[in-house]
Amino acid sequence: MKAMREIELKGHIIDSQILTKVFDRIMDMNGEFEVLTFDIGKRKTDSSYARLMVGGKDDEHVDQIISELHRLGARLPEMEDVELAPAPADRVIPKGFYSTTNHPTHVRHKNEWLGVENIEMDCLVVVEDTRALCKPLAMIKKGDHVAIGKKGIRVVPPERPRSRSIFEFMGGGTSSERPSETLISQIAEEIKKIKKKGGKIAVVAGPAIIHTGAAPSLAKMVKKGYVDVLLAGNALAVHDIEYDLYGTSLGMNIKNAELVSEGHKNHIYAISEIIQAGSIAKAVEQKIIKGGIMYECVKKNIPFVLAGSIRDDGPLPDVITDAMAAQDAIRVAIKDVDMVLMMATMLHSIATGNRLSSHVKTICIDINPATVTKLMDRGTAQVIGIVTDVGTFLPMLAEKLLE
Amino acid sequence: MKAMREIELKGHIIDSQILTKVFDRIMDMNGEFEVLTFDIGKRKTDSSYARLMVGGKDDEHVDQIISELHRLGARLPEMEDVELAPAPADRVIPKGFYSTTNHPTHVRHKNEWLGVENIEMDCLVVVEDTRALCKPLAMIKKGDHVAIGKKGIRVVPPERPRSRSIFEFMGGGTSSERPSETLISQIAEEIKKIKKKGGKIAVVAGPAIIHTGAAPSLAKMVKKGYVDVLLAGNALAVHDIEYDLYGTSLGMNIKNAELVSEGHKNHIYAISEIIQAGSIAKAVEQKIIKGGIMYECVKKNIPFVLAGSIRDDGPLPDVITDAMAAQDAIRVAIKDVDMVLMMATMLHSIATGNRLSSHVKTICIDINPATVTKLMDRGTAQVIGIVTDVGTFLPMLAEKLLE
Amino acid sequence: MKAMREIELKGHIIDSQILTKVFDRIMDMNGEFEVLTFDIGKRKTDSSYARLMVGGKDDEHVDQIISELHRLGARLPEMEDVELAPAPADRVIPKGFYSTTNHPTHVRHKNEWLGVENIEMDCLVVVEDTRALCKPLAMIKKGDHVAIGKKGIRVVPPERPRSRSIFEFMGGGTSSERPSETLISQIAEEIKKIKKKGGKIAVVAGPAIIHTGAAPSLAKMVKKGYVDVLLAGNALAVHDIEYDLYGTSLGMNIKNAELVSEGHKNHIYAISEIIQAGSIAKAVEQKIIKGGIMYECVKKNIPFVLAGSIRDDGPLPDVITDAMAAQDAIRVAIKDVDMVLMMATMLHSIATGNRLSSHVKTICIDINPATVTKLMDRGTAQVIGIVTDVGTFLPMLAEKLLE
Amino acid sequence: MKAMREIELKGHIIDSQILTKVFDRIMDMNGEFEVLTFDIGKRKTDSSYARLMVGGKDDEHVDQIISELHRLGARLPEMEDVELAPAPADRVIPKGFYSTTNHPTHVRHKNEWLGVENIEMDCLVVVEDTRALCKPLAMIKKGDHVAIGKKGIRVVPPERPRSRSIFEFMGGGTSSERPSETLISQIAEEIKKIKKKGGKIAVVAGPAIIHTGAAPSLAKMVKKGYVDVLLAGNALAVHDIEYDLYGTSLGMNIKNAELVSEGHKNHIYAISEIIQAGSIAKAVEQKIIKGGIMYECVKKNIPFVLAGSIRDDGPLPDVITDAMAAQDAIRVAIKDVDMVLMMATMLHSIATGNRLSSHVKTICIDINPATVTKLMDRGTAQVIGIVTDVGTFLPMLAEKLLE
């Protein structure tokens, strides 16, 4: 070992697996380590502290290791300011840029620690006077002071919850072979608890909610104040409106599961009606739409983002067809949410997950376990997955919320 | 075309796709055909009649084609008796044996048409005096008169139901994106209708019913008389009894989804208790078991078959560990059933499906669409699949049955 | 039956299941029918002809039935011109509009039959002088002459292929439990056959092609002329370029499957490099990109469409971020293609499938059978599905193409 | 905290997550802990040592906690002998019995530590003189000295491998989005390494290997000495023999993927042929079988276990139809294996996994990710999963092994 450097770790570093991951990563990268100090939390509420000497074959090697450990929460004990470099052009990054995790992050600038605002994964940190901003590549402007390296940057990965809740015992897993009704009760409890504390809940929703007949349940949840923001695509809104106008979804009568004559045209009629009205809100005003999820959102002034996709028919006038503009709208919408319920959509769930801080409670409900796996593989590691049928899940959830 | 032979087709041969399949098969096999007569059913209740001349490059070729068409319901107009050949040894088949479909089948023996008893796919037909029996290879005895070729054999494939029901509009498909609650209501209607007519319903059940917390719902269905026979494995019974004795399944408390201390031992304890009692029925008698699916079966005298598998712990004394003996027990149990509900088990569903006549109404409920696909690929083509979570499905079904 | 109307059917209406579907639909809708004439094709190359009287409880009922039959290929024997109505406003449809299928379609205007150009499902037909155009709702302009009802419109559903090929024996199914290598050989044969005849092949590609290490195989196929147009998203191009620049995909070294230090930043670096160069083509020119799928496309002048999505990082400057603009680019790109290979992407496969005429040979390769099911449920019924691992499939396909 | 007890932990307890799990479990169970001593391994080859005081609300509570920690590798520092109790009857367990993990286990009896022989999960430990045996419930005899409680029992959970291999970097995960060909190369390397050291490899194989056309590849692997034991069901052997005798599998010609006339009868013919010959080995001797997987096994004297199931046709005379007898045959067959390759079968993979010690390298290859998930949920936590198509995987693996 020619080169070495000290790091320190603080918090519930054992039961939150942080120390485990640090050791693993060093070994994965053929590095060495020596534990200099280790003050283990004596009791479960105490936090631990560790100082490690990390070694590698040369300075570059140690550097590479340190920069991985850094993402896991390790800090360099030396007190140094973050290094900044100007962006050479719009949407062009300086070499060595610091790429964000989705964990709460702080940068030390002019001897002060600044919390990075609106943290999300795979972005850059830009320092402006006394603020540190998390910016996606697309928003980088020439000359922005972009954080590089990892000096003066601290990451705070989430710790294992100390309380007993569905988020603790399901931690990072899916619901295979667990009691469905019990889990649904516990989700209802969490939702109620958050609303009681004045928290915000976002719902990410796919069109299968309508096809499987669960639209009235979600509409009721909106009406009763359990949804603070709705994120969806054109299809959810179209089929919700189709169902309100004609009683069908994909041309199928939801009440008896029969295909309706000419029903395949209903979703196009529905879009055309809303285009003629001007917008969903105007269609509610004009009493064209008289019920359903979108109706309740309009009535309760619940903000919604309908993000466009290349599969869309129409689309509705409310749909944001530019992907980048839609991303930004999602960013604004999920600011300060405490919990996200993702239901029956892989595209919108991953797009939302990519913009979420790791401390936001996230539940993904899908019939396909691959949706949860992908979300976690893409970095939304805090998600818990419930593999179930949204068509039976939502009625049960709504009942437990409203009972 | 050097060789040719006439066939005839009768019934609802167009809307049941029989004529389509006949034409397809001839073309697949490079054969030719000429339509000699075609009397189409003028109205939807009329049946059609067709006579076709089938041609091939030589007699063997035509023979091969005919024997495929035969399985689709085509008949040779000549009135001939079935050909029989003796089995050369126990479990050894004569060359050219007739392999059964799962459709109702008749053989002409001594100028009389005999219905083949207990028809199931991939078996042999043995004629004994005035009876025709469907026998699996394992039951063939030396000297049995086994049907060979296809002369004097008639197959009656199922026709499209004339009435409107879930079986008609879901025909051969799965429930992806259909209204879950509506489908469950319709299944409840079908069950009630069958019970009203004095029909029999079999349930094939996997242990996920217990793990997902749906055991009380199935137990209630048994108690209320909606289940006439139960087909399952060791695991369903073990976990049902574990749940009754200790409130857990796989060591998890079903009421709060928490792992119970020492809970991993509960299923072994449960097995041991029943072994000590002698059997499930005796454990009910001795008041060791006081509730649950198996309890209700014992109380209501509902026959159950617990078929063993190489994954089993224990097993319980009631389990039939020999695979061939278990198959035979399944055969006996499903005789005369009108409907089968298969829930959350691929192994037992396919094993049961393989023994079912194609006229038995069959519904497969599974979270994994592959289970339905496999069932259909293995020949249980009449099945309709509901891709949902048994943990939310069963409570909803039980509620609709009992309301 | 108070009301009735005649229809006629022509072609291989039996083995292509058209007659079956017509009878089914009438019965589904509680209608009646009487067969007036039925001239069945005597031999397999002959086509059939049927005239049916369709009855219902009143004119509206018969009308509803007829308009469903129409989509299956039924024609009204009366020779009438198509009815047209003006669009009341931009993107607003006249009542009773004719909604397209994805089958080749003709409209009779001023006594002449016009083929509808660029047919795709769920669109409108607009007649301009002597042309009939298929237009999505978004392109409808106030005053456009939109076809309504179904008079004077003919739909030609695809017939079962008379030749023996993978498209015939796999018709509308997935590859579960079929010999993988044999299927790959047959796909290679089809590709070669199409290229020999001067046909065009489109590839729809997801990023898993890069992650699973199959990029060099696809690059080789482009280079050797087996790909005429590429449809993908930002991620495919980013990871292809990341792999070319740094040997990684999602930060993983493709050659040894190890995570590279700081590798999670590579895809952002790759995007930034291309933004700085100006475009993918310029990056190739400037020798920044020296190989890979995108490189070969640029070198061979193969057009590509990179459609944006809300999950995108960056995106690359070549990405069309507006969903509607991207849809139109897809429409242009797939004009006149003879075959589409869809690989490892549900979003782009469905978006492309929605724009395809049903006569285009379509193969979907995916590890997840749900992708194929969804494609078919969404109307791309001609697709055949190969459930396999693109990481082993593509190397084998490339080998068979190039041997 | 009224009650407390000391435990100790040794080994790579941090990077193998043992300490993390211990802390987690104490908190899950509402216990408390105090760290008395903690000597952390200073370097990556050093092991660590910890002494903890565990507290609970009463002795029973502490006991419950300790018995969970015990399964994770915690030891009671006091040196006491294992407690034994006699089994009250055949297959009946004494209260408080010790239920095994699948980790290597030692019991202290008369002051000596005895390694438990043939360790597998969910069994009992029986002490006979100077031997400690792992016995499933079914083998317990009245009077057997069964271990109870956890005193004098040590469990050694597997530690994270120190070397770099596929088993380390894939640890407990599936291959989603990893380079397929690279992974296959690495599996080939592992196999070669094990064979070089004289190790034993078991293959667990499902019939899809035959249907997907991969039988020749597996046969070649057997022939070349890469398979030491084969575990399968009736179907694998039947279809392998069907393929050898008639070139088909499930009646489909593997070379051109076409259904063969009368092909549906071939598997029954194949079974009948072997029944007539007496056994698979005799059919090889009599030159009825001339190639394939079973042929190579017979020729190379590779032991095989064909375990029966209720889905079986026939079965072949070599099939063990009793589930318990088949389990025991599996136990004997996998004794001393170093690696297990599980391919395309959930039933046999889980049955084998349940009998395996956690130190055996285990790879599961399946197109369905649920198979891997189930294996891990059922306790075979050491498995690494490769989600791929066995029909392309095996040819590639065989090529890499033989090149």
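Per-chain residue numbering starts at 1, and chain names A, B, C and D are given in the order in which the chains are listed.
We take it that contacts are C-beta pairs under 8 Å (C-beta built on N, C-alpha and C of every residue); 3 or more make two chains touch, one makes a residue touch a chain.
All of these numbers come straight from a predicted model, not from anything done at the bench.
A count of C-beta contacts for the chain pairs A-B and B-C puts A-B on top. Each chain's centre was taken as the mean of its CA atoms, and the one lying most distant from chain D is C. Centroids built from CA atoms put chain C at 32 Å from chain A. Between the CA-based centres of chain A and chain B the separation comes to 45 Å, rounded to the whole angstrom.
Distance between chain centres (mean CA atoms), chain B to chain C: 37 Å.
Along chain D, residues 28, 164, 169, 177, 258-259, 370 each make contact with two or more other chains. Remark: chain C residues 164, 166, 169, 177-184, 186, 208, 211-214, 249-250, 252, 254-259, 367, 387-389, 391-393, 395-396 touch chain D in the complex.
For chain D in complex with chain B, the touching residues are 28-29, 64-65, 67-68, 88-89, 91-93, 97, 99, 122, 136-138, 258-259, 261-262, 264-265, 267-269, 271-272, 275-276, 307-315, 321-324, 326-327, 330, 346-348, 350-351, 354, 368, 370. Within the complex formed with chain C, the chain B residues making contact are 14-15, 17, 19-20, 23-24, 26-28, 32-35, 38, 40-44, 160, 162, 164, 168-169, 174, 176-177, 369-370, 373-374, 377.
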